[in-house]
């Protein structure tokens, strides 16, 4: 089918490619024209403006937006005057599901259908396909089924979960209509919250491996420092590349994130090109807020988020305050290396 | 090659089967004779006692122990008088690596080689193969290579990590000599610590999905209760089976644990047969202790462990104390349902 | 001065008493008339309705509301038609500061001043005085100074912080104009967030003391259970009452909450009358949300909140899921007592 | 009575002063002679060596050691040859209670009594008195009662906990015989574990206050950054000095640590002289290990410890790994400022 795509960054451009390979017609627009030009060369129809994109689509139109969260609403405001009843807008980015609920209601008043679609898959999605978590009105989701089916991985060689009986369900193809407006981004939000927790679990554990030789180092001895009592228990020089590779094979903790960890460690086991200042991009935060509203305890997901905050130095004032208290009650002076 | 196996529980019995299929000769012993009898019928050589098992093995012997941690040392004490120089003992269970270091030293004095082998794979290991994390002296590990190679999954259809150059390495076959005595169980310990974190991340996140409809419930209003401010944001009735199935396909959080989660939810999305009293079996605890000795912050792995403690009611006195303080400063009476 | 008080529960009634003792005139109203009658007998002027209360106050009026958060806005809606320019409304409860900002703006349009006042002190406030955290327009706060000064503890015998130079500041008297609308409840919210953290720190620590004799108990031994490796290190029968009393005297962790802990443990060291289902009443949740918005890592405050959730069984589905995963990968059956 | 003191650092020297003021005779020794000389000028008897100190004490002797944990055992080894039956050794530092149990047993074989005494009070102890948590044999503890009574704060003006009936108990005087060998340092260990949790609760909360004006700052907008959705809710410039002072008066969270926080913030609300690299000195770590052995969930105390680790950059490899994973799955490049 024909679909418009606005936002041709890392994700958007690859999704267009996957759609083109799947035989769909894509009319594409991007703030900077280079990306439009590049995809035009690969078979997409380039648009020079929003108005041009809308004009090049047959009614009822379907327009997919693949943009940073903060850019979605301004774009919708610019698009809506050009759209009409029966058109469909899809937000495939990482927007807050609470906004979806409101926006869908506003657009419904103009008879425009709004779909929120959480998209997972990253840079490998072009090849592997994208996992799609979809919210919105049934009729619009059904109309877009060919597009979802192409973007998703399909059944591939991942066996069906034993006991699964629902023939015709789409979850096993890698896309799912999760519920009404907001449900898609809600499920994607939690997906990312889980992702933060999984990543932190690997990172913490592998850090324990990386320091399994601390018993070989010199220890300082003073009232501020606890010497390691059992240095003979920490004499292991472990090969993180081999261990990551090993765990991919038959272990309980094998996963796609572990595959990527193995890639990163194989490239450079010291990870020297990274500073360790870890971004967080919204869904992790919203996941915690939703959990708190629901009264669900989420200590793992929360501490994973806070580790990211701390990695960027966001705890520094609190840390200074701890040192200040220690100075007040014990006269403790900070050690230069804090050890 | 020929190998003895002591301990024919869930894990041990299946490992014998996999070894038999791989053409090895297995002499087997178990406290209760039924398991011995069963495996004898499948091609193993049954032994009627430890002494009998040792007698039936050619020298130098290799004996694999697959037992609960607390049973290993008593067994070794019983075995050692029957063993001689050049024999190899393998502990394939979940023992504490600190014990391995000591035991290996003690046995080395008798010229017996000791191997600590962390074994992951669970009930599916018979078919999938076991991921083996091995510690101990080089010569003993080399002698057992045929056994490790059979137990491990082998390369299978899991592609090699891109950039990996080490030809002849065994990590890609699913077993690895990680280092000297203790290294195998150390790596397995951290593996399980990570496992706890991963499991908790999924469990917390899926719980958020499970309660995404709290906005539909009645709220009570009093000074002890915060009403949900935004019930309209929590109106989703999500199908957990479908979502677990979906995430297995193309998402960033796909993993073997997620596959198992999908199995469990497909069988019964209410998980009614479980009470939610979650055991922890040693490695999770030791992982935290090792991290603390190394000075590695592990908030995710720790809170995952504590969630298991709490699931069994272990926090109850602390909770009572919180209620008691609230009563003292605010006259707050516990609500019958604690809400 | 003259002040109206609406809401004569635990907090409101005692605040009226403290104001009466301080020589102020109080016109009081409550949904149930018994409380009005009781305070009338102690010198307050009773009102039979909101309209009656408003009528009995001289203009410009000052009306203090002491109500559960959910009741504040309906009350304001009912009051406003009776009020006029220059009147002041004070919300002394635990409302969300975000609401204060909006309500203050709405009332300002009617020239009614709105003050948000966080009030700490609990059941002992009548005698000790209340710690007041105040937000709102300067002129209104100044007009109410006599009321704040009476409700607050005053300097008492708590020495001024050394180095403090600000003569005439009110913080040392126990009340403070923290900033514009919302600032009072914001500071109170964080105060309560800290309170949750402090309480949990004591509760967790004292629980460690309470179980310092676990080494005396029988241990079960199987693959699901880690035996305590060092029972000889956990043979202490500690007297929690004595230790709480001891720590009140010269230790770094002495505090009012510890005083209360000592009271509770002295009354009954087993805390038998509590079930350990701990309520949380809004500020703890909002504190975490504010921290996340600010990007401040708050693992301690968060886990303190989640412990309360868990104490009420809110983690149960997540816990069941953990048991379900363990069953799938390891065939682990839940132990009846979860140990 | 007469007592020897070895170790005249911050704590030891002030304890000697308090003992001298209390009429006791103190024979003092220190590695560096300046401290001995200084205290000799204040009435103590200086010793030039361990042997000299022992010689100057009448039998049966009582010798108090006030040293960093790692120095205690070497000192005991040097002292013991000079001691005889009936002598008492007191370890007043922060040793691991597990060592106490062993050392006490070893010394008992020589008929030397060993007392482990946890000492809280910090630099203010000279004036306020020290809170003493004592473990060891009854007869030795009784013999030292005059010393404990002088070092402890005494009843002072802290009222007895209501309901407390135990006349003659010493907890209300600020010292307590907690139990057999190890019990004193066990209670002190948990005391410090709680201290870490309390400190972190204040630090996290006050950090939220410190950033309550983030809504005034410019925001960057891209796919890596979640813009603050509600900047109007974070416009507060709060005076941390005033708020700390305020909370000391009538609030639920008043405490000695809060008093010290107020001192530190009053001296410099920016805490510019601290880097925020926070030491941890043993008890916090041992507390977590004890909790894990007991199966007590301690998420608050653990995350407080880990925050200290992280403050010293100990999480850096784990953080790099997170960034590396994000690069692999999403092509995310670290932002220079990590935001």
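Worth pointing out:
First chain written, first letter: the chains are A, B, C and D, and each begins at residue 1.
Here is the rule we use: a residue touches a chain if its C-beta (ideal position, glycine included) is under 8 Å from a C-beta of that chain, and two chains touch if they have at least 3 such contacts.
In UniProt terms the chains read A, B, C, D = Decarboxylating 6-phosphogluconate dehydrogenase.
Being a predicted model, the structure only gives us computed values, none of them experimental.
Counting steps between touching chains, the shortest path from subunit B to subunit D takes 1. Of all residue numbers used at the contact between subunit B and subunit C, over half are used by both chains, marking a mostly same-residue interface. For subunit B, the chain with the farthest CA centroid is C. The geometric centre of subunit B is 43 Å away from that of subunit C, both derived from CA atoms. With centres set at the average Cα position, the gap from subunit C to subunit D is 29 Å. As a whole-number value, the distance joining the C-alpha centres of subunit A and subunit C reads 37 Å. Among the residues of subunit B, those touching two or more other chains are numbered 122, 200, 202, 204, 206-207, 211, 229, 252, 256-257, 263, 285, 293, 295-299, 303, 306-307, 310, 312, 315, 318, 329. Partner subunit C is touched in their complex by these residues of subunit A: 252, 285, 288-289, 292-293, 295-299, 302-303, 305-307, 309-310, 312, 314-315, 318, 329.
Chain contact summary for the complex, subunit A toward subunit D: residues 9-10, 68-71, 96, 122-124, 199-200, 202-204, 206-207, 210-211, 221-227, 229, 256-257, 260-261, 263-265, 271, 274-282, 285, 299, 303, 307-308, 310-313, 315-332, 334-335, 337-339.
Those residues of subunit A that touch subunit B in the complex are listed here as 97-98, 101, 120-122, 125, 128-131, 133, 152-153, 155-156, 158, 160-164, 166, 169, 171-176, 178-180, 182-183, 186-187, 190-191, 193-198, 200-202, 204-209, 211-212, 214, 228-230, 232-239, 241-259, 262-263, 266-267, 287, 290-291, 293-301, 303-304, 306-307.
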